[in-house]
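Residue numbering begins at 1 within each chain, and the chains themselves are lettered A, B, C, D and E in the order written.
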Amino acid sequence: ACGGQSTTTEGDESGSAMSGAIASDGSSTVAPLTEAAATQFASVEPDIQVTVATSGTGGGFKTFCEGETDISNASRPIKDEEATACADAGVEFTEIVIANDGLSVVVNPENDWASCLTVEQLQTIWAPESEGTVTNWNQVDPSFPDVPLTLYGAGTDSGTFDYFTDVINGEEGASRTDYSPSEDDNVTIQGVSGETGALGYFGLSYLEENADLLKGVEVDGGDGCVYPSTETVQDGTYTPLGRPLFIYVNNASYAEKPELQTFIDFYVENATSIAEAALFVPLTDEQITIAQDELATLVG
Amino acid sequence: MHFRASSAASIPVSEASAPSVLDVEDVNIFYGDFRAVTQVSLGFRRNEITALIGPSGCGKSTVLRSLNRMNDLVEGARVEGSIRFNDEDIYGKDVDAIEVRRRIGMVFQKPNPFPKSIYDNIAYGPRVTRMKVSSMDDLVEEALTKAALWDEVKDKLKQSAFGLSGGQQQRLCIARTIAVQPEVILMDEPCSALDPIATTKIEDLMHELRDEYTIIIVTHNMQQAARVADRTAFFTALADDTTGDRTGVLVEYDNTAKLFESPADQRTEDYISGRFG
Amino acid sequence: MHFRASSAASIPVSEASAPSVLDVEDVNIFYGDFRAVTQVSLGFRRNEITALIGPSGCGKSTVLRSLNRMNDLVEGARVEGSIRFNDEDIYGKDVDAIEVRRRIGMVFQKPNPFPKSIYDNIAYGPRVTRMKVSSMDDLVEEALTKAALWDEVKDKLKQSAFGLSGGQQQRLCIARTIAVQPEVILMDEPCSALDPIATTKIEDLMHELRDEYTIIIVTHNMQQAARVADRTAFFTALADDTTGDRTGVLVEYDNTAKLFESPADQRTEDYISGRFG
Amino acid sequence: MATVTRGMSSSTAPTVRGRAKGGETSPRALIFLVLLWFCLLFALFFLVVLLVSIVVDGYARVDSRLFTEYPSSSPEDAGARPAILGSLWVIATTAVMTLPIGVAAAIHLEEFANKHNLVNRAVELNVQNLAAIPSVIYGMLTLAALGFFGVVNKNQVWVGALALSMLILPVIIIATREALRAVPAEIRQGSLALGATPLQTVFRNTLPAALPGIATGSILGLSRALGEAAPLLLLGGLVFLRFDPNGLMSGYTTMPIQIFNWTGRPQEGFHELAAATSIVLLVVLLSMNALAIFIRNRFQKRW
Amino acid sequence: MQSSLRTRRRPIDFTVRLIFRIAAIFTIIITVGILIALLVPSLEFFAEVPVWEFLFGTRWAPRFADASFGVVPLVTATAWTTVIALAVAVPLGLGAAVFLSEFAHHRARKVLKPILELLAGVPTVVYGYFAVQFVQGTVLREWLGWDTGSFSVLAAGFVMGVMIVPTIASISEDAMSAVPNALRQGSAALGANRMQTSLRVVFPAALSGIIAAIVLGVSRAIGETMIVALAAGQQARIVTGPLEAGQTMTGFIASAALGDSRVGSLEYNTLFAVGLLLFISTLVVNFIAIAIVRRFREAY
């Protein structure tokens, strides 16, 4: 089923304004970012059609490595086996860090006991062994009240899931299963805002937009409690749940398609304003330099 | 509307002294704006069989249905004038149409047994009207016997009524009506869907029932009217002089023998002799 | 099956020399396993009106529909025996049922105009049969004139045929049939849905059409048969001696006057005098 | 003999005045009627609540921008233009793909098929069965078919239309059959008795007479397709795009999916947009339903 | 005029009728397609996961590191939503049908029936959000103050029930209207009131049509996707009460659809195994309905 023929059509290069189609797929977390890029880009190049599909980071890499998409959005770095698949299919790519995100852990506003959780406590909550056994807050910490614990989290096909399980449980994909998984973060918002004992995790932007419905939890990664925010993510103090977001660009497409080139250049150049528009944490100056270097290797 | 005077006549029953169970006086019946029957007056006498005859569309069924308020079920149907049952206006204010229908039963053109067992068909009426019955079995047997059906069905009372032949079904419908002990039984062409043998059986049955009930029958078949009825009313449809709308009128009402042998009205004569209809 | 010998008789037409347009010989008609009509033989003569009469269910309509292969449309219907039209077997191997139907037209019990304009109702037949017509307008006018309808509708040819009265609709259906120039016209109780005045008009029309067409009419109304038909065939339904299944048989076929005045068969006599049916 | 304790006998006939029980206005009958009213009104009340709650949420964003703007990362600038056009494209394609096949199949089954033929009976049973198969299954069928034929790019107008076509094909066949069946046999017989062939009878008489019924059924079927989201989600319909769909191979999204998409966003503004798009979709769907009902009541002949 | 009756050839008639027949047979191709589409991946699935484990396993976690494939949790959620939907739709639908068929003035019926049918025209996404936000959030939790989370099979089932009302009402109304008037008149002529006539004559006479309507409602309820995907919750767990959340079979298919699995992978095949189970469930229900309708047609 690996057709490998490109879905994009070559733009006719007669006029000054370019046309053509750019296909992207992947992380639903990163999608708003690429969508913001596409939105801003449209005022410059209105005839270039950018499509942003959302199959999750893993799903995005699958189609990307079949050569179906030009850009793959990812909320975690590509895995070895995914890279191998790309290599097997002859797809070469470049990874660009394009913004930052914090994975925020959220609880119900009525929850007045869990203002700060340590990584160990999070692990108690989310470890595979906890499945069916850790079902009450007082099992997480004896000082917590006797309130049933209900959990919401990311769908298993998402980069968010992989990232969270990796840093909290020490292994990608290792998680208890008795929680509500969803690709749709709004499900988590609804879930957590609806139950006193609920806990969930998702991207920082969802917390910021729904600050009235949810309560963000400070995370203690060993150096004290840190609240997730633009600043703490950017300055690196929000660990271990601060994370970079990526786009992966198909090198061959980039070389062949001027419209893709223009778009990626635009994307990197305006990364800060795009991140702000999409409610993400912009790159630090250091990161910007790295991104531009990556871009340079692409051209070269 | 303008009808020729003679047609809207109210024909007096000759032996005016005999008691009428049902008295129709100056009745007009409408379907919405359409006047289906105009100015009908006639009396039905106890323990007699009265036949209503006339060409199609002259309003026989309409009149019949007005006698037990079955017309209430027809949307837009409206009765003007008075219809008295034992001297009580059945369209009166306090009158319960349902009680009227129990007391004045009806048998239809096409046999219409319920999709239930034979037994339950008969027991239906007593049940819904909450008759106090000492033994439903006896009542069922009695009704079926009166309807001359008992011998044919007594071994299969629990079987579906749909398994009966058309003629048996029609007798079942008569038995069902008898079971609620009405005083009058209306029949709208009860034999027109039946074969000659079944027809004969029903006609014989009517003769037997006459001792206990008053029977009013609509029929297309003049021979049938001649065979069964004590008295016959002939209806026809007349066109309004100005609008051309047709409406049913009573032309002649008399002893059956008299009506068939020496009709008073030319139209009756024409109809009976087959010159129209 | 075992029928009494006399009932399955093939009644010879007395004036055997006269030309028959349609010849029915030893025909049995089945619906699935059920034999609706048994051993019918009779000939229909050109430019005559033949009436088929008999009690309900005796197979009149079944026989009529077999004459132009309308029975083909009824599932399970099967004709045994021979039916010859101008000496050609209409159930023959190479015969086109569609062509049969064009040449032997049919008018139905309930007027069935198409949901189209009056004009298009008439033009329909010529169009679908690809008749070569010099002027459709003329043809429409001619057909309507022959059907005695032209004067009533000439100003509203483009209006829907549904706006016509029942009698007009039935004449329209006759006009429609005439328009394809058939030789024979079959009519199945064409007046039973009509009022007396419309009936009279259709009967008059039949008399006029007789000069050009051969007409076969089924009627329930014996007076109508007596009024319009040259010859009349009386059918009845007989029960099989062993199985009790009823099947239609031809009892008597003769000049109408002869049949009504001095029927040869007792059953004809009984039926005509109203002793059954 | 059954003994009956009801004042009988002709001379002392009881009156026919209203009885307490059993009559049309007895307490039981009245309670029953109230219950029936409740059933109907509850359902209608629910509809009203649903409409009101959506209108309250979204009416403020039903403005011209909703129709002219493309999705955007900021709710203030966003509109549903591609989704509205995408719905149009998909539905039009669905109609073109389904109607001829559906009507043809219905004509075969209703007018020509020998009802005893095994194949025809199988087809008939099959159509009834297809009509009740969940819509996601059609999405899965299409997904598998694309996999089989090696089509990797699922987000194309014709792909979505294909799934929806198979979904509503049985609906259209059943509606058309019913419309054809409602044309009285006398009309067909009248035509055949004039020497028309069965095919002429169908095309010149039966089909035109059945047209209002077919139109009604088709509109209802298409409106069902228009409101479907599940099969399209399976087929990668959940995408962000900022261009008008412009052909059968074009990428697309549809209104139900756009609603689904926006409701999943964190920003309140998108939720409002989702409600506004729901209003548009509801208006379209309810108008289609109303049109179908209008055609049914106005043009469907009572024979 | 004495032309022969001999057969004419009508090639166009022949061809057109052939096309009609092919169109009819096309519907069988769809069914065969569905069977193949579901069976092939399912067989691959069952090569790895024993059928018994699938059918009777009580833990559904197909995409976790510690995967298991017991479909029972999905089945319990589907059963709950279906039963609740029917508990709503059957009384309401039949009540409305009896009212429309036996009591409503024909002009009232002409208005009320279409309005009722509009309920069936509301897209299920819209119903889904209504179920989560209004029924679950506002009615169950705020107004009634019930102890339930953000999702419940009750809210999903209830709204689904309302969605099915027109289906049940419309079909059973048809069945009741098909009961010959002669029976109603016969009943009325014996002194029955309309309630008695409806309940004792019309209802039993239309019973098989009514059952068929209900069974059709069952298959709609089993197969409905968006409402349950949005309102029942996404967590695959054995549901033991109406206020619990749970993932139905269709809910799983929808959520899996949002990710993107490679054709032929176990994840992909899982989707089709659940699809097959869903298909078989509705198939069984459909055949019951069709068999009942058959009998009902023969009644008159």
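Throughout what follows, a contact is a pair of C-beta atoms (placed from the backbone, for glycine too) under 8 Å apart; a residue touches a chain by one contact, two chains touch by 3 or more.
By chain, UniProt protein names: B, C = Phosphate ABC transporter ATP-binding protein PstB; D = Phosphate transport system permease protein PstA; E = Phosphate transport system permease protein.
Small disclaimer: the values here were computed from a predicted structure and weren't measured.
Where touching is counted per the definition, the chains common to chain A and chain E are D. Between chain A and chain D, the least number of touch steps comes to 1. Nearest to the common centre of all protein CA atoms is the CA centroid of chain D.
More C-beta pairs touch across one of C-D and C-E than the other; that pair is C-D. Chain centres were defined as the mean of their Cα atoms; on that basis the chain farthest from chain C turns out to be A. Chain B and chain D have CA centres that are 47 Å apart. Chain centres here are Cα averages; for chain D and chain E they lie 14 Å apart. The distance from the centre of chain A to the centre of chain B, each centre being the mean of the chain's C-alpha atoms, comes to 84 Å.
The mean-CA centres of chain B and chain C are about 35 angstrom from one another, to the nearest whole unit. Contact with two or more other chains is made by residues 191, 193, 196, 258, 260, 263 of chain E. In chain A, the residues that touch at least two other chains are 1, 54-55, 63, 184, 187. Annotation for chain C: residues touching 2 or more other chains are 98-99, 103. Contact between chains, as defined at the top, is found for A-D, A-E, B-C, B-D, B-E, C-D, C-E, D-E.
Those residues of chain E lying in contact with chain A across their complex are 59, 61, 63-66, 132, 136-137, 141, 149-151, 233-237, 245, 255, 258-264. The part of chain B that touches chain C in the complex is made up of residues 55-57, 195-196, 199-200, 221-223, 226, 237, 246, 274-277.
For chain D in complex with chain E, the touching residues are 22-24, 26, 28-29, 32-33, 35-40, 42-44, 46-47, 49-50, 53-54, 100-102, 104-105, 107-109, 112-113, 119-120, 122-123, 125-130, 132-141, 143-145, 147, 166, 169-170, 173, 197-199, 220, 223, 226-230, 233-234, 236, 238, 256, 259-260, 263, 274, 278, 281-282, 285-286, 288-290, 293, 297. Residues 1-3, 7, 21, 23, 31-32, 34-36, 38-39, 42, 49-55, 63, 66, 68, 184-187, 189, 205-206, 208-210, 277-279 of chain A touch chain D in their complex. Considering their complex, residues 1-6, 8, 10, 13, 15-19, 21-24 of chain D touch chain B.
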